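Chain IDs A, B, C and D follow the sequence of writing; residue 1 opens each chain.
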């Protein structure tokens, strides 16, 4: 951490600031120039609160050099983390996983029918929402517990592990019992109580990036989960909010090499929410694989125009099938396979 | 609602789409041109899911004309809602309220001391956080229940109603018992389970705008609370996330006349989080009053550089005092007072 | 175009608005409901100014259905435009082109040396800046005419067509004489006088997307060029500005399928400016090819740390070479080649 | 400037980087820690190109401490710059100026008529566009030279100095002869050749902030003008592009105190383009004055629905009049007047 003190800071003002670092057992390196007094603070500064230091009126600027996260940091954990979902391995150089399924579970029959279709098309996990975060209180809010149980049944019949979104910690026991991968949605990426709750389990957690959260904030959200003892975090990019109205969000694929450089955790891509338009999903999916993603999570529905949510971004099973085939070939170019 | 069907849509395709509207008891007005077939759907369309219609491959475009919210809509509730907080009235042409206090409650002594200072300087309510949403799991997370009880005590001694952030529904009973205004933070603006929970109470709810949420999404979040039966919603703008790195957020004051046109609910401004820098708080506060805000919520601390959070954006009590004085004069120009 | 008139608009008010459309020879379809009066305007509305209509106090909302561009519109020009650069064809199902070279031409010797290196590595065109748009007036502004002549020489020796940025119409003759593809930079995307000027030539124009311009604005910029008589426009996405500080810009690859659906023009990707970091360039390049791009334009330098500009995002020739090899294999998966 | 070198950088690698600073006559202060080697570079670093340093593979991070601008920097020019427009003084504690007029000059008669109306309502300068940057090539592009001459005439008759936008350097002589304040539009904020051209004159330059430009980039654009010898720069904020669709742009009033702290130049606000809706203009204008602006530039039209551009955001003269009255009272609260 580097602190620049204002030119007119007195020796006493400076000492006052530095005392806090000394108290924290950190080393201080001084570099006094004509216009600025600069101090390098050496040691584990991840617990230092930058805001607090900047509140001092004699401090010009504080710059963190070391990342504010430790457990997610590749520097201290060089090997890739491989998350195991009922024997399916995500991360590292492992085969790329494709997760398919509807936005919402609409009935027991429907989720089973689509589960078979996505499995046939090459998916190795089943997605589906039973608790739905909807902008409008008047929109379909999901089937709740019945949806979770229907997914579990469809998962067991097809042999596909299931992924579903948890919106509130009071349903955590239900998810621990019936769901294989717990999804934290974009809107809850900084719902810190929910992050702490899932951090206390050992379940694989699919952590979506928030609508307008930086990569660093996203890694810090993972750090919340890791610091409670759960190492099984899978990042999921789903597009960020920008000024562009044509797409629902703007898919930021640069996060793939960045997350892999900064952290040791796997990262997958959700092209359905990123684009909001099924016609753009194949292009985005192939790009994600080429960019180095560890997996894809794609909305598939066999009757999109009657889907209870997100029909416009859902692929028909046959289109999903074609996408998986092309994706596999791109994976091969990168020396990976597609599960 | 206006639906444009694609040029090559057959009569049957069109009928298929229109049947849904007929089933919902809506009227349909047809306008068939050379290149497009346009249909106006008349009636209460707030429950119609646009996404679902757009999923139909023959639909070119859907445009909502009526707003998707009803209870918050000024069209159906022309008079201003006045929220009553222990006899302090917020909204309408009522005097502008100023809420002051520290970011975090740090001790019983500290919150009491600052409560007296902000009261003296002209605040009519006390803010303070006991449960803190922090980016880092290693940062101070707040005093919890002890903080709430300390605030309650300081509030009773000074006669100031208290405002504090609720992060999780499992603390709702504590807030109902001890807190006067429940704040929903920016990161939880679309935590729909939390919105539903506070909607079941009658407490005044301070609903902050999310980091990157549109005005319409924000009103829909209020609609969640209203639709559960709680009419006491106060909007609070605290800046949105943009590309500009100099300020913590970009304060969007245009929301004041927009919220007042579209809804009947009061709106206040948080210049502290919006700017992230105490030196910018006075300018933003006076601008907010001039723009028509019903109130301000400002971070005040008497020892910012030792504050446990947000010191850099906290005003000293004497600066807060000067701000209140100027703000009062601007309120007078607009024909309002400052409580 | 669809116009919603306010509920309380009188018959006379409505007629007043509609008269303008009648005068323009457009057909009007009426749909009068309980709360809204909706009118469909049919015919060529691309010259109608939406702002002007919305200025009428009785107009609630105007929605354009037809795109505001004609010449760029695939609807009226279904076949792909192939831009011919000295025999190299860009667009359609043609082989993907790779353009390489330094950010700035630094000397005659340097540009020739790098030209040979990028050619060897598989580039089929040479990029290089002689007029440089720099944020700071104190930064290197480019070699100017000497740089253009040096590029031309290097291009002739290696047989590579050259691409360079034109910043001001007063240098247009120089570019027409010496440069093969004229680049319009992101900062000049809406420099309409410059667009009109290059529209009067027949030179291929590489039109970069502006920092914060929507896809529609970008196509309208192309429309400026096309409407002056020059059909040879190549779109180039180079990342947009978002809140994320880690990358220089956020690369928006969704534009590839969108531009190809909406227009008939080719589109290439600039992963160097998009990411601002050479370590991210390969991932972004492969993703661009997988997403369907018609080409790449990549910064290459053999001594990045002494480059006079953009060293940090320049690839070493050997890394560029490896990238081209992988890119070719991905192109094959999509049934294309890499030139 | 502070440079962090990577942990594994050898002594020779470090010396290689530092040699450049020594060659530039800068002093180097070393601070070597366990994980990082930090160097403070002291002296005038405004000409150092950060990108070039970061291109070195052993450099971890470069942080500029001193601002990259000199002539605009208040540190080296503590007193306020007052720009003189035919005897009207802008900046410092001088009275706030209000500039009014139509978006476009539509005829000699029209600009004269509106000039009298805005003068009567309290404007001290006249705005009007003769060269219009329009998104569409099919939209009205302005009257050109005839418009400039008509404005000049209206200005002379009413005694109001005139402000108009210059889009291309080839019209500079015309503007020098006939226009009082040359406006550089948002889309041309980084048209560096245009900035250099107006920098060679002594005319007051109204420099609008670009759609998505940071405050630092904006100051650097001013620095281009200043460094060519023209000290008469007036900043003009007109809203930035964000994700919010309701307003045309998002007005960022925090720039007022920031520009005043960082630079010595005046700053005015354009609430018309910022909001894009006349109903929001008064609120934004009063907020701007309360925030400390040195002036306002407002679109006024007496027949908005027949305006050839921007009618929807133009105020009627009577509304403009009312706004000026309220603005004056708010100026008084801040101890200023309104010219």
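What we mean here is this: a residue touches a chain if its C-beta (ideal position, glycine included) is under 8 Å from a C-beta of that chain, and two chains touch if they have at least 3 such contacts.
On a predicted model such as this, the values are computed, not experimentally measured, just so you know.
Counting steps between touching chains, the shortest path from chain B to chain D takes 1. With respect to chain B, maximal separation of chain centres occurs for C (centres as means of Cα atoms).
When the contact pairs of C-D are matched by residue number across B-D, A-B or A-C, over half of them reappear in A-B. The geometric centre of chain A is 31 Å away from that of chain C, both derived from CA atoms.
Taking each chain's centre as the mean of its C-alpha atoms, chain B lies 39 Å from chain C. One inter-chain figure worth recording: chain A and chain B are separated by 27 Å, centre to centre, where each centre is the mean of the chain's CA atoms. The multi-chain contact residues of chain A, meaning those touching 2 or more other chains, are 212, 241-243, 245. If you check the complex, the residues on chain D that touch chain A are 2, 4, 27, 29-36, 38-40, 42-43, 60-61, 63, 65-66, 212, 241-243, 245.
Remark: chain B residues 46-47, 49, 51-52, 54-57, 68-69, 133-140, 167-170, 187-188, 190-194, 196, 210-213, 217, 220, 223-224, 227, 241, 304-312, 314 touch chain A in the complex. Residues of chain A touching chain C in their complex: 212, 214-216, 240, 242-247, 250-254, 256-258, 261, 274-275, 279-280, 283-284, 286-292, 326, 329-330, 333-334.
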